[in-house]
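Per-chain numbering from 1; labels A, B, C, D, E and F assigned in written order.
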């Protein structure tokens, strides 16, 4: 088991939330290294640009040498192969989440059975937090700081809005 | 309890449906005043323009002095503070609805604990009716009148399509 | 609206949880009086006997004159008529909850359209708490106190286990 | 029952998947003729153009005289009337699917009670396959062939990507 | 297709509801014969005894020569083989229903791929009706007649309660 | 991370299924040791007695030294403490499963934050398999062998039925 205990935590992180941070920190109890992998999704309209999304997550985990932050293109399972990760890490919040995650997890396994998806439960106090809700709050001029990692400040996000 | 028995019924109402109308009328048994609040959502592509959406809802409730119709921008909980409403009123149709409404309701409570969201069940005969399905029917040249409030006529909608 | 602002909060409360307590306390912002109504369900195997269940809930709300605790038999909507309540109050935790509550709420409306069911969202930190999970903890010798109202002590429950 | 045993299998088929193929082939045990009806949806951004989508489905069923492939505009129930079909055929994969299909099925019945929607269960091995996931794989340069009907080759799709 | 257009509509029907009746009547547009098959389930506590359940359903369909009512033991797919039915007919009401029906339908297919399960949607006005809710109403002395087929009277059920 | 990479896979396993076997085998890619822990549940009616359930699971994993099979009483998180396990392993099949597992997982975390629950997705071909469905097949005289681990024979189960 020595060489393969690396997990990829993929997402668009637009923006990263306190819910994402918590899953990664708890995941460190299970994995030696976690790579937070920010997908470039040509089709999807983005709120924050890719470089800022990566920079924010790096700021969140700057104290944690076992977390690496990267962006990637192409299939997630191909990215796992490239970085030598045998695991995908995902958080589960709701039943709707689960149905979507199950489809993605099963298609990933069908494409590459060497990569296993591991799920953790989001904490009850973070269950209702999602990037899209945080984005809506920011776009409506609200204070999203209770839903953002403590290292992310309003100034960090002002560059973009 | 005298001063605060006002509820906001927020939505995009694009267009208002017979399901919306029913929730508001039943809500009048619980609240002294209901403000139907039409959100201006810059990000979302609209079908009917904001002024028409407001005008249609006003027509639906012109016989009901306890219903007020307004548009708003910004966070819904901030709007509630501005108009002195302690309650948000929402209808629930399906389990998918519920999961979405729960996230919104919990984030609203996290931002402003003085505003409580109250849910009523949509009637069985209206469970399948949504603005987006009504819009699809209209765009495909169908007769949506069974799903629209009785005060809304085909002519009311022709201006826009 | 003067005479009818009474709500019934029905259930088996076997035992009452911190989640039930929270819904009733928040419901007092909406209703002048709430009657916590403990159903006698001949068919269902009970954990605590009816008298103890009623006594525990009375202890929880002994500081709150607007809450009354009673037991009842027969249909819930008939009980509402007897006590002059126009509303049923229920908490919603999960999508599975919702589907069950919707069926019960719609059948109640079909039997008596004068009684309206009003739903509040359970707080995120109480979403996972149910009487049956608390019962399992108690039966397995665990400490259920974080999930019980603060007025309910281990001694209160010892009489029964 | 002689004249009406025709079913319409409507969808956007962008692109057709192995899951669609399976539902149609199993549906032939129940219906004398199945019309695969490719909807032109002006509002929705398409991946493959309409002519290619129709051509691919025709290729899949070229060995099956009881399957006809057509495109249509307007309401699906109106199309059923035009082609003399009393049934709509749909596959069900997940609970989320079901909630969407129920709303569409009930609105269709409300508009035309002569058309009945019939559901089959997708096979477990196809439950996670959807057009949108297949599209994502293709857009990310992955090999989608395990999820496509055997008659559809990479070359068939290259014209479009 | 001549010999196999028979469907089995299996259940415990404890008691039969207006929802069951509607699914069978609509199913007659698709199948030449429908066998309502009342399962004897040794493990499950019954409300009405098997003979009464069969008698009530026969009364409901006494005007319909294409409906046969029988009881059976053993696996449902084995029963289908014995009576020459290629189809199982089921109604779908809710997402929770669907998840249960999917498991049963897939296990049935795994045991006997010659038997296909066909689903119809329950009408919106019957979505909340189930045998267990009707049973609860009857046990609590309520009037269940709006939820029972019109041929079933209170006297029919008095023998048993 | 050296001392704590042990997971408990708890359940009633009444009986063990091919779905359980698969989750444990895949879990061995993540954990050094997995303890299959068969809960003694005084309240629940059992199909196979506890000793047989343990014996069957031992037979399934007799070739796998990293899997240990035990029975336990009391809270699952207390059992984890006793055996030095920091993880609970669970498989997820459906949205209904998820909602139940989320409640149990969150209550376990609330009682003991040192124990983390890890979820794997059941394979699509095993999604519909549960102990209760297998039990029903066996009680109805059907052939459940496709749903049982290959090491479990009909003779193994005959002692009990």
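As a convention for this text, contacts are C-beta pairs under 8 Å (C-beta built on N, C-alpha and C of every residue); 3 or more make two chains touch, one makes a residue touch a chain.
Computed from a predicted structure; not experimentally measured.
Counted as hops between touching chains, the shortest connection from subunit C to subunit D is 2.
If you take subunit B and subunit E together, the chains in touch with both are C, D.
Common neighbours of subunit C and subunit F, listed by label, are A, E. Taking only C-alpha atoms, you rotate subunit C by 120 degrees to land it on subunit E; that is to the nearest 5. Farthest chain from subunit D (centres taken as the mean of C-alpha atoms): C.
Interface residue usage between subunit A and subunit C, two copies of one sequence, is largely shared: over half of the residue numbers at the contact are used by both copies. Across A-F and B-D, the chain pair carrying more C-beta contacts is A-F.
One inter-chain figure worth recording: subunit A and subunit B are separated by 34 Å, centre to centre, where each centre is the mean of the chain's CA atoms. Computed from the mean C-alpha positions, the centre of subunit B lies at a distance of 30 Å from the centre of subunit C. Subunit D and subunit F have Cα centroids separated by 39 Å.
For subunit F, residues that reach two or more other chains under the stated contact definition are 94-96, 99, 102, 106, 124, 127-128.
Chain pairs that touch one another are A-B, A-C, A-D, A-F, B-C, B-D, B-E, C-E, C-F, D-E, D-F, E-F.
The touching residues of subunit D, counted against subunit B in their complex, run 42-43, 73-75, 78, 95-96, 99-100, 102-104, 106-107, 110-111. Listed in rising order, the residues of subunit D touching subunit F in the complex are 94-96, 124-125, 127-128. Those residues of subunit A that touch subunit B in the complex are listed here as 94-96, 127-130, 133, 137, 139-143, 146-147.
Across the complex, subunit D is touched by residues 1, 4, 26, 29-30, 32, 86-87, 92, 95, 98-99, 102, 105-106, 109, 116-121, 123-124 of subunit E.
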